Every structure is written in structure tokens, then in C-alpha cells.
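Below are two complexes that have subunit A in common, paired first with subunit B and then with subunit C.
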Partner chain A sequence: MRGTDYVLKRIAFAIVTIFVAVSLNFVLFRLAPGTAVTNLARVPHATPALRNALKKQFGLDKSKSEQYVIYLEQLVHGNLGVSFENEQPVSKNLRIAVINTLPMVTIGTLFSILIGTLTGVIAAWRRGTPTEAATVSSALGFYAMPTQWLGLMLIIAFAGVLPTGGMTNEFLLDPGFWQHLRDLASHILLPALTLGLTLYGEYTLIVRSAMLETLGEDYILTARAKGLRPWTIVRKHALRNAMLPITTLVALSLGYIVAGAILIEIVFSWPGVGRAVYLAVQERDYPMLQGAFLLLTISVVICNLIADLLYFKLDPRITE
Partner chain B sequence: MTAPLLEVENLNVWFDLEGGGELHAVQGVDFSLEPGERMGLVGESGCGKTTTALAIMGLLPPSASVAGRVLIDGEDILAGGEAAMRPHRWVDIAIVFQGAMNALNPVRTIGQQIVESLEIHDRGKGAAARARTGELLESVGIPAARASRYPHELSGGMRQRAAIAMALSCSPRVLIADEPTTALDVMVQAQILELLDGLCNDFGLALVLVTHDLPVVAQLCNHCSVMYAGEIVERGPLDVLYHAPGHPYTRMLFAASPDLGMGDAPVLSIPGAPPRLDRPIDGCPFRPRCDSSFAACVERPHLRGVGDDHAAACHLNEMVTA
Partner chain C sequence: MSEASLLIEAPPEGGQNRRGFVLHTLRHRPAAVIGATILVLVALGAILAQWIAPYPLHQQVGPVFAHPSWHHLLGLDDGGIDMVTLLMWGARVSLVVGFAATLVSMAIGGAVGVLAGYFGGWVDTVLMRITDYFLVLPDVPLMIVVAAIWGPSLFHIIIVIGILLWTSTARVIRAQVKSVRERVYVKRARALGAGHTRIVFTHVLPQVAPLLIANTVLTVAVAIFDETALSFLGLGDPSTTSLGKVIENAFQRAAISAGAWWAIVWPGVLVTLIILGCSLVGGALEDALNPRLRVAHLGARTFRLRPLVGRGQDAL
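Right, the complex of A and B next:
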């Protein structure tokens, strides 16, 4: 069958990538100046004895290579360690953060993909018209906007109308299912919109350029000569070919969904992965950081793998 | 007298140039075609022959403005714009492009692409359309089973055959072939020409063969129009153009063609380059390159009859008849 080799190669490549990333994660955070102990021992009258006790407790007294072996061993058993910060299992911390992050970032990303593809196709199809100019300049504008600034502007504009921070209304005691859902939805709106707006510009520009390239191909002329309607040409001939570069981009950005959006989660006090990573960096919470980065790595690599396989399905010319 | 099958009247095409100005790419082209007639449209690169072909089908980009009429059975198909043109495409006039590699969509099978043209013109759906596709492929010498292949899985010659099968799918009455054999090797070229010859005979197709290759025209066509700098400078039966050209350009074009049985005569090139079309042309456009220009050539000559079914745009002919 076409491509068994291709699929196996891709999967093997993905596994190797994850291993390399895991090792880099380990090294990276230990290269950063300071340790968790530096922070925790910053209490008045901290004695060297306290410092050493903490070091021992976190296993930081062992050599780096010993730590690495222990880390790998535990990882294979599915143990991500215990957070230095709140002494809870990292996997539990991460699970909560991911569950909080996913709905917000997914909605924002899907919004940006949908709007971006649509405006990109329109811009390419209406090339040289004011429609294109308007679409491209607004896409560029949003693309160039600093995320946190856009978030703050939305807060200024919608404060009072929509909740501007947190995930739920803390004062809503014992809400019913629908009440809770409505509350959650109203909290999701602003951060998701911020994310969608900052991402959509990039999609518009990439979809537009991919579409322009395919619209100039001879087979588009053939399709017109055959008497196809413009929309049929876009759908059946142009978009299908333009999807090739777009697929990679979309799959890659889906991989980043679990990473949350650090800036947005901080501006809107969203208790997701992004904020957890930010706090963990401040606290030198190695296990938490390693866990978060591992999660991110795996999801990016898997999405990449999916992109490769999709690409293979979409483009019959790939045989290897 | 009934209207001819295809009639092109005073066709003009201008392209807007970036940074202002216009390029007058096709300048008052006229010709007509009867059912089953085959006409070659020859000239060097950039003379407007492909632009003429695209203009006839209304396929030029928005940067082009077109004036003139294209009549099918006396009906002007350009008059109603793109939407009115659409039902005529592929049904009345179909086109085969140069280099079928890119003329076929790389991510769809050739079968899908042929079925699609059958379906949009209501020539069958589903299983019926697929069966018809198989027949069409067989008629151009491709086994019907190859319908499920993608363009890149076929050789250049096969792709061109598939493109021809696709062009014939809605039984058009006029086929425009734009450099159909360029980029193919000589053996395959001969096969494609033979195929086109047979198909035109079988289906009574009228053919417009756009090419710079005179031997190709000689194999397929009885009539030929020679284009230079956007206008037709001579037309007539091919043997008349060969033996008694009415325009120096035609004579030099034949002399520049090596394999037309010129014996030991050396292949001659035509010095110089065609005039620029983004500015008005004074006098005869061929004058700077012509070996027999004279005083009268400062006036622009017009196409006029010089014999039976033979016309040329050259002042020399007036001298002979005067």
C-alpha cells in the first residue's frame, strides 16, 4: 500500500523528537540561574541547614546526571513529580490547568481559523479591489497588535458588560448546570476574542498568498474554460491545492492550544496552562515546568504528525 | 447564406500595464470558421496568438479589455459577460492548453476532472458520467482504467491525451488547441497530431491550431493565418502561403522553418525583433525587419484580397496588381 513506509517513518521521527525534547527540557531549566531552594530559603534567618534540608527534600543534592536518570525512570512510569510550589502531583496540577485552558483557547483558535480562511479566500478572489485592501490591512493591523494591549482595550471597552477576569463568578453559589454554562461562556468571550483576533490576521495573510498562488495556475484557467462557476473553482480546484500549506500551519497552531496563551491568561486571570507556566517560572518549580513543557512538546509533535499524515492524504504526489 | 460556425470580428485586446499605459496585444483580428474547417494561427512568441485564443473564450484576466465580437452561429457570445459566456464554454468551444502538466489539477484524478465537465453541462451524472469518461479516454488511446490516476502518474503525452479527452467531453463544435504539442518529444508529438487529425475527422470538429511551429500546422491544417504584432498579416490556404506568400513575413517565416522540404536551402532567421505594442506603430509594423520595404511602407497596409481565398497586408501586392 502507498505510504506504509511513510507513516512508520513519521511515527518513528515523532518518538525521537519527543525524547530529545524531554532531555532538553531537563537541561534547560537547570541552566537557568537560581533554584527552587534560592526562593524558598529567602526567609529571614534562613540557615544553611534549612537550605540543605530543602535541597535534600527536592533531590537537588544529587548530581545532574543522577537527577536525569531518576527523571527519565519516573517519566516512563507516568510520574511527572510533585510541584515544588504546592506539593501536589504535577499531573494533577496540569490536568486542572489543561481543562481550564482548552475551551478558551480552542474557541479562540477555531474562530481565528474560520475567519482567517474566509477573509483570506475573499482577499485572493477579489484581488486588486478595495475589498482586498480592507481585508489585508485589517488583518495586518490585528496581526501586528500586541496581545496584551488588545486584551486591555477589550477590557476597557466591555468592562461592566462582560466579566473581565477569572473563569467563573465566585459569588454564584451552587449554580445549576445551565446557569454555570452561561456564566462560563460570558467569561470565555473576551479572552477567546482577544486570542482569535490576534491570530486571525496571520491566517488571512497565509491563506491569501496560498490562494493567489493557486489561482494563477493553469488548471484554474482550465476550470474556467470548462465553464465552472467561480465559487466551484475556488472550492474544488483552488482551495484544495491552497490547503496544502495551510494544513501544516493549522495543525501546528492546534498543537499550541494546550500551551494556553500566557499573555491572555495573565491579562484575564484565566487559571490555565499559560498562567501555570508563568507562575512556575517565577518559582523555579522544575517539575511543574518540565511537566508543562512535556505536555506541550507531545501535543505539538502529535499535531505535526497529524499534519504530515493529512498532507500525505491531501497531496497524491507524495509517495515517499 | 447562413452564418459561419465561428466568426471573429474586429477583435482587439488591450492590457493595462502597471505604471500606466496600455499594450495593444491584439489589433483588429478577423476570421471565420466553417464546421470541420481547420485553421492554423501562427506567428512568433508574443504576437498575440494565445491572447486571441483566450479572448475568444472570454478567459483573459481582468487587466485586459476586449473589443470586437465573437459569434457562434451568429450569436455574440462575448456580449453578455462572464455569466452568459459560461454555457458556451466546453459545449460550443473547448480548448486544449500547452503543457498538460499544469492544465490538469494535480490533486484530482483525471477521471474526476472529466466527470466534472460532463456534470456541469448536464451530460450525465454518477455512473453514466463515469462510463462516458471511460469511453472518452479510450477514444484518445488511454485505457479506461486509468481514469483513477492522478496527472503526475501519467507521461506527458498521456496527460495531453487526457486533456484532449476532457476537451471533447461535451462534444464541442470548435476546438482551440494552444501549442498542443510543445514540450513533447517528437514521437509523442506525432502521435498527438495524428490523434487530433483523427478526432477532427470523426467528430467533424472545427479546429483552431495556435502554434509557432509551421510543420505542425502543415500536418493538420488546410488554412493558415499568420499573425505579426497583434494583427493577421496574411491568410490563405497553406500551400498558397508556402508557394506564393503575399507577405514578406510569411515568406521569411517559412524560410526559418528547417524541416519543410526546403532541400539544402539554409535555415534563415529573421533579424530584429517585433515592434513594441505599448506604443502606436507608424506604417507597416514589419517594415524595420523587412527585406523588401519601400516608400509606400510608411503607410500602414491593411489586409486585402490578393487571390482566391488569399489575403495579405503588404503594399507589395498593390504594386504587382497595379
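Right, the complex of A and C next:
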């Protein structure tokens, strides 16, 4: 079974990558000079009891190699230390942040895939026309814009029309379910739009070239010879096959989604993981910073694995 | 990864000399012409900043956030500094960071690519495994962490960006070197007793160089992009003015609520133009140079992702 081979190989690769990331995290934070960085127990204003507990948990008086083992053990239990800022466990802070980030990022990414696929297909189908020139150049334009700047431009454009910061209206006292949902939706619109616009340009270009390639295949000629309508050919014959590289590339742009989300959350004061990274950097909250780093890295690796497996499912021919 | 398709041999374009080919490409593609024009204009402004900038950089020349006027075409920033002046100096720092970081990543990526491609065997396996891991890890969080621990300085920013951008270069160069290595003239040189160093520097590198140039231009765009991101997070050098810093400053000093759109719109437009210029030029070059990369015209970011070739290329 070469198929299972491929799947197992991919899973093994993901596991090793996660291990590399986890170790990198240890090296970066525990072996760097400066006790404030390396010493998780240096929580400002903490009681001696808390400090001693942390010291004991992470074996901070032991050698670095022993600390590494203890670090892995604690990590398996989800213990990432205590935030310097609010003295809450890092894992708890991050859990709240992830729940806030996910809807915004999901909506933004879906939006970009939708617009990207649509404009990409149009550009390929209308090759050599002004329509293509227009779609491709606007895609390139949005692609070249710094994410944070695009967010600020949208704030300038929509100030007063849509809420430009935070996740909910704090003055909305005791809202009903629908009112709360509407409030949330209006707050999510601009950040998600920013993410969508910064990402879609890349997808347009990918979809366009994947489509151009499939449109040159023999089966498209056959479909035309059969007298099928152009749009049916595009939808059923070309796009289906063009979806393969698109899946991979969308998955591989996850790193950019992460980077985009960090910048966007700062601009729109969205209380998610990206903003947690920002605040951790500002306040030199190292336990939070390493927790967020691990979380972002591992989720990208896992999403990559999912993409690999999905790719295999879509095209069983590949067995490496 | 299946390597077979990486080895598809493409005859060198009509045997014409490679340098002429780069110029030829630049001249015959409208996108490349537009991109190159943008880059040349921005570079001129940046290089000549100390002579042609209308005002001194660190001097308040009018009220804070003054409107654009005949004296100050793009208005003033939060410190009463002329925006035109600020943009020229900012572009200079951004370009320096972009090129310096790219140089670092070219050195690493080029070395890894040449070593892996030329020697093959276990060297190749080990180096490519390392590249694979670095490719999957997201750049920006790693950059943030390293920059945060290291402390803000222009030098640190350059190194941090440089050591994280080399992976795509390494892959492209490796594939190219692998194909060049098998060419007859390299084999003849080896038969004549040429050492590895000589073969690499006189026979392999010149063949790979144009591709390295295309890759450089694309990497500059990513490096400048990353610099604005790091600056925006407050990890930029506090003592220098890059374009990313200008945007961050305007954001922090609430230029938007002050109604001073000019303090924030123009630096972003300039960054966009630079990145656009790099993408257009780099994309056109790569398109023309890289025979095996059918997805070449996708632009910098796609290209920095794992190129489609090398994973299930049958599907393409």
C-alpha cells in the first residue's frame, strides 16, 4: 500500500516538525542571555509562593538538559507557565484568545478564497482582454499592500459607518442573542475584509495560472467538441482539476494568514492571539510570547498536514 | 519528493549570453518596464535624499499635522516634519533593510542550494530536510520572537529577516544546480581535473546567477514587507526612520483620529509601489528564466511557498 506509506510519512514529518518547533522554542527562550527571558518564575509582583511553585514546576534550579525534559513534560500537560502581565496561566489566556481569533480568521480566509477563485477563473477565461488586465492588476495591487496599512485605510474609509475597534460594543447592556450576534458581525466585518483583501490577490494569480494550464488540456477540447456550454466547461471540467494546486497553495499560505492576523488584530484591537503576541512584545511578557509562538507554529504545521492529506485524497496518484 | 521532474533539461535560451538575456527580458515585457521604472525612481529619491529632500529630516518646519500645501506638498507629520522629506529618508532605510536582509538570505540560500545540488547524496538529504522544516514554520512569529529577545536595532532586523527568508532560494538554486551539474561541459571540466571549487565558481554559478537575481528581487519585496510588519509591532530600530516606522508612528500618534490622512496614506502607497515594482520585475525575470517553473509568474509570496514542482507535479 503506497498510499498508507504516503500518509504515514506525512504524519511523521509533521510530528518531527512540531518537535523541532518545540525545541526551537526552548532554545530561543531558555538558552538566551538575560534572566528575565529565561526565568519563567520572574513574574513581576508575584508572591514568593507563586515563584517557588513555578521554580519547582519547571525545575529552574536544575541543569539545562534536565530543564528541557521537564519542559517537554509540562508541555504535554499543557502547562506553559504564568503570564507576567495578569498572573493567569498562559494556556488559559491563550484559550480565550484563540476563541476570539478563529471566527475572524475563518471568515477572512473564506472571503479571500471566494474572491480569489472567482477573479482567477474570470481572468483565465477572459485571457487577453481588458477584463483580465483589470483583475490581474488589482490582484497584484492588493497583494503589494502592507496588511496593517490596508486595515488603516479601511478604517479611514468606513469610520462612522462601521465599528473600527474591539469585538463588541461595550455600551450594549444586556443584549439579546440576535442583537449580540449583529453587534459581533458588524465588528468582525472590517478585520475580516482586511484579511480577505490582503490574501485574495495571491489566490487570484494562482487560480488564474492553474486554470490556464487546465484550459489547455485535451479533455477541454473534447468538452467543447461535445458542444457543452462554456460556463459548464469552466465549472465542471476545468475548475475541478485546477482545484488541486489551489488546495495546496491555500494551505501553504497559512503562514501569511498568521502574519496578517497579527497585524490586523493590532489595528482593530481585536482581542485574539495576534494581539496577545503584540501585547506580550510590548510588556516583555515572555511566557505569553513563547506560548503564543508555540500555538501559532503548531497550528500552521497541523494545517499543513491536513492540506497534505487532503491533497492525497483529491489526487490519489501522488505517492511521493 | 520525486526528483525526476526537477531534472527536466531545458536548452539554454538560444545560446545567447545570459546577461543580455536579462536586459532583453526587462525591455520586452511591459510589466517589467513599469516595475523597473518604479524601482529606479524610488531608488533615485532614496539615494539622493540628502541633496534633493526639501527640508532637513529632524527639523520641525511647521505645525503638527499641517495640511498639504504648496510648501509641503504631502503635509506634515506628528512632529511637524515635512512628509516628502520623511518619505525619501524612509525609503532609503527600507531599501537598505530590504537589500541587506536579502543579501544575507541569498548567501545562506545560495550556499545551501549549491552544496545540496552539487554534491547530492547525504549532503543533499540533510540540507533539504532542514530546509523543509524551516519552510513549514511560519516566518513572522519566529521573527517576532527573535527580534523581541534580541532587542530592537536595524542590524538585528536585517539578520532576523535574512536568516528566515533563505528557504525558497535554496530550493530553486538546488534544482537548477542539479541540472547544470549533469551537463556535458561540467563533466568535461571534471574529466580535465578541475576541482569542486573551480567547477562551482566558473561553471555552475554563472549558469545559476540570473535565477539568483530574479529570486533576489522577489526576496527584497518580502524583506521590506516583513520590515514594516516588525516595525509596526514596535520591534523596529527606534533611532532610524524606515517606511514601516513612519506608518507605525502615524498609527501610534492617532493620525487617523486627528484627520491627518496624509501622514498615513503616503508611506503605505510608497511601500506598495516598491513591493509592486519588485514583484513585477522579479516575476518577469523568473518567468523568462526558469524553464521548469511553470507557476513562475505567481509573484513573490507564492514563490516563497514550496514551489508546486517537487510535490505531486503530475497533477499540474
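By definition in this document, the second predicted complex is superposed on the first by the 266 of 320 C-alpha atoms of A that agree within 3 Å, B and C clash if a C-alpha of one lies under 4 Å from a C-alpha of the other, contacts with A are read in each partner's own complex, and residues count from 1 in each chain.
Going forward, a residue touches a chain if its C-beta (ideal position, glycine included) is under 8 Å from a C-beta of that chain, and two chains touch if they have at least 3 such contacts.
Computed from a prediction, not measured in an experiment: that's the story for all the values here.
Legend: residue contacts after superposition of the two complexes on their common chain; A:Ala292 is shown touching subunit C, with no touch to subunit B. In the superposition on chain A, A:Thr222 contacts subunit B only, with no contact to subunit C. Of the two partner chains placed around the shared chain by superposition, subunit B is the only one that A:Lys236 touches, whereas subunit C remains out of contact.
Ranking subunit B and subunit C by residues of subunit A touched puts C first. Once the two complexes are overlaid on the shared chain, A:Ser253 sits against subunit C while remaining clear of subunit B. Of the two partner chains placed around the shared chain by superposition, subunit B and subunit C are both touched by A:Arg317.
Of the two partner chains placed by superposition, only subunit C is touched by A:Trp149; subunit B is not.
Look at A:Gly128: by the touch rule set out above, it reaches subunit B but stays clear of subunit C. When the shared chain is aligned, no partner comes close enough to touch A:Leu114: not subunit B, not subunit C.
Overlap of the subunit B and subunit C interfaces on subunit A: residues 315, 317. Those residues of subunit C that touch subunit A in the shared complex are 1-2, 132-133, 136-142, 144-146, 148-149, 221, 225, 228-229, 232-235, 244, 247, 251, 256, 261, 264-265, 267-268, 271-273, 275-276, 279-280, 294-295, 297-299, 301-302, 305-306, 308, 311-312, 314-316. Within the complex, the subunit B residues that touch subunit A are 57, 59, 62, 86-91, 94-95, 97, 99, 102-108, 116-117, 120-121, 150, 152, 163, 166. Those residues of subunit A lying in contact with subunit C across their complex are 13, 16-17, 20-21, 24, 28-29, 32, 34, 37, 140-141, 143-150, 152-153, 155-156, 159, 202, 205-206, 209-210, 213, 244-245, 248-249, 252-256, 258-259, 262-263, 266-267, 277-278, 280-282, 284, 286, 289-290, 292-293, 296-297, 300-301, 304, 311, 315, 317-318, 320. If you check the complex, the residues on subunit A that touch subunit B are 128, 217-219, 221-229, 232, 236-237, 240-241, 314-317.
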